[in-house]
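Letters A, B and C mark the chains as written, and numbering starts fresh at 1 in each.
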Amino acid sequence: MRSPQSELPQVVADIVERLRQRRPRVHCITNAVAQTFTANVLLAVGAVPSMTISPREVGAFVGRADALLINLGMFDDERQKASLAAIAAAKKARKPWVLDPVYIDRSAPRAALARRLVAKKPNALRLNEQELNALGGKASDLAAFTRDAARMHTVIGLTGERDFVSDGTRLATVANGDPLMAKVTAMGCAGSAVVAAFLAVESDAWLATTAALVAFGVAGEIAAERARGPGSFAVEMIDALHGLNRVTLIGKARVT
Amino acid sequence: MRSPQSELPQVVADIVERLRQRRPRVHCITNAVAQTFTANVLLAVGAVPSMTISPREVGAFVGRADALLINLGMFDDERQKASLAAIAAAKKARKPWVLDPVYIDRSAPRAALARRLVAKKPNALRLNEQELNALGGKASDLAAFTRDAARMHTVIGLTGERDFVSDGTRLATVANGDPLMAKVTAMGCAGSAVVAAFLAVESDAWLATTAALVAFGVAGEIAAERARGPGSFAVEMIDALHGLNRVTLIGKARVT
Amino acid sequence: MRSPQSELPQVVADIVERLRQRRPRVHCITNAVAQTFTANVLLAVGAVPSMTISPREVGAFVGRADALLINLGMFDDERQKASLAAIAAAKKARKPWVLDPVYIDRSAPRAALARRLVAKKPNALRLNEQELNALGGKASDLAAFTRDAARMHTVIGLTGERDFVSDGTRLATVANGDPLMAKVTAMGCAGSAVVAAFLAVESDAWLATTAALVAFGVAGEIAAERARGPGSFAVEMIDALHGLNRVTLIGKARVT
């Protein structure tokens, strides 16, 4: 473990600064509803997004990217083929990848695909409680949640009123965020893309995932202070991510 | 008829309150341009959107949804297959559905599909005058428009400078709205999704459609007061829909 | 040449006014990330967008449009087929078309398609330096850039910190714009759509392309004055395009 948990806010700020210096490329295979907002969120944090889902060229894009996001929010054949090709390319190039199994609790075939992809051991899995349950997770208490992460051999970032991050050993609790985040479509999807961006510049996947959720939640709090509703909140969220700085992050991080 | 037309503003406010309590799920098969804005509009009024177009899982989503929107703004094979599967699932589960035959006046094959779907008797049809003409509608005067609704066995919500809603017997005229609504892409598509959300909590389709167009138009007026152009108008529209309340709705509704 | 370069600001203002009077239809085959923003940008400048990529109906849409945009930001089979059909329809109807070869520097098959489409002689080609290089362009100096345009038999609009426009003979340099434009996804794609809209009302493609880049850049400067980050910048950009007027354009144009 590279840092005691009391230093997590400083580590979050360090990773954000590194992200802005390195400007990593993040390739996203994500659903049509999320694509534009996700791309703008990635640009705002300092990453460079690409989004093609063409199976013919996804390998080239992933090979030149620094991290990959696979989001299952759309389940068409083309995205499935692209996802498998992209994961293979990421593994070959030893690039980190994140799986976001959106809505697998609502569709059995989608849940089956998610299980297949979890078996390929993503560096991080970002989901909510219903989606974790659909993967056979428990999350009834923190010990069970930690065992889920150990069993799946990945870092799980479980988001909700509070966020929890475990790699099977360590556990972080993130209390940042705002209820308006649930009123903007693709907010969770964009958060998973931010996890991928953080993984691109921080090899400790538990730390990267925790830091991403802290930074995203802090931006959500700043945006909520300025917003009059979910429309202006989405706009302010992009501005807040773009404006995040060391002082704000350390002052507002609520992570243990 | 459940209420005299003079009570319509109160009924609109009642339906909006019911929508927020029940938080109905609305499944949308809609075009790529409209997806994100439509999802955010549905979240803002209090509904929960889903958007998959995969023929394999659309049945599961519609089965668990409370209403369905079919928007013809894209005419690819996958969306056509998904639309037919979704309508079948909605009919089987007795869930209301709305058809929005976008741009059928510009494409003969799309108009042919629209006629085929109208024959399946959507609970409501939301369109503009050119699109109604492409379906053989007249709309030259209110009597002809009412006959169109009777002939098609559906509620027609005809939007334009003024909106008209008929079920073949009753007729409502809605004078709410703002010209900026025509300067934001997918505004009409999002309005049709709001009709679907209202149908989910109000079984009288004429009342639901009228109420949806009133609420959407009132939000447009509030947004226009705050906007400096179509960019900020789209943002303010989401905020205004989210902030709609009984007093505002009743004070601003112009429906007869 | 219709006007000396010292009169370019006035000519830009003339074209913008003509655009608002004629409200040309612009059909766009563009990537999923760009579709909504592009449609809203076109509406804001006074054009009427359509976006279908269905090969079956794209001919009908292009036939009734006044200009066409082909954006290679997604490389799926359906968009490729649609692009070829759309270009054929545009040529048949003698409508101007613009090619935006997004990210061809990152994908060899996409670059090959771009070369094939350049050979079909678009009225304008809008790209950045990496993309021009991937087409065999030099752009090492202005003379080499002018030769690129002559060799490709098209107008090239090369955007970057400064924009350059050449038709193989004439050369314009545009110094308008703001760095925030690079922090919003699909900003370049939307700029290419504006080029198409200007081509619809100005037959001199070099003038139309130059004017479009000036107007877009001026709007970017106005938006940057009002924005707090890339989220609000995107919103302000739409408002600024919508609010462009003769006085502002002539006062702020920096074109030689």
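Throughout what follows, contacts are C-beta pairs under 8 Å (C-beta built on N, C-alpha and C of every residue); 3 or more make two chains touch, one makes a residue touch a chain.
Since the structure is predicted, the reported quantities are computational estimates derived from the model, not experimental observations.
Residues touching across the chain B-chain C interface largely differ between the two copies, under half of the numbers being common to both. Taking CA atoms, the transformation carrying chain A onto chain C includes a rotation by 120°, reported to the nearest 5. A straight line joining the Cα centres of chain B and chain C is 34 Å long. Within chain A, residues 32, 36, 234-235 each touch two or more of the remaining chains. Residues 32, 35-36, 39-40, 43-44, 49-54, 56-57, 60-61, 64, 78, 234-240, 242-243 of chain B are the ones touching chain A in the complex. Listing the residues of chain B that touch chain C in their complex gives 31-34, 36-37, 73-76, 103, 106-110, 183-186, 227-232, 234-235.
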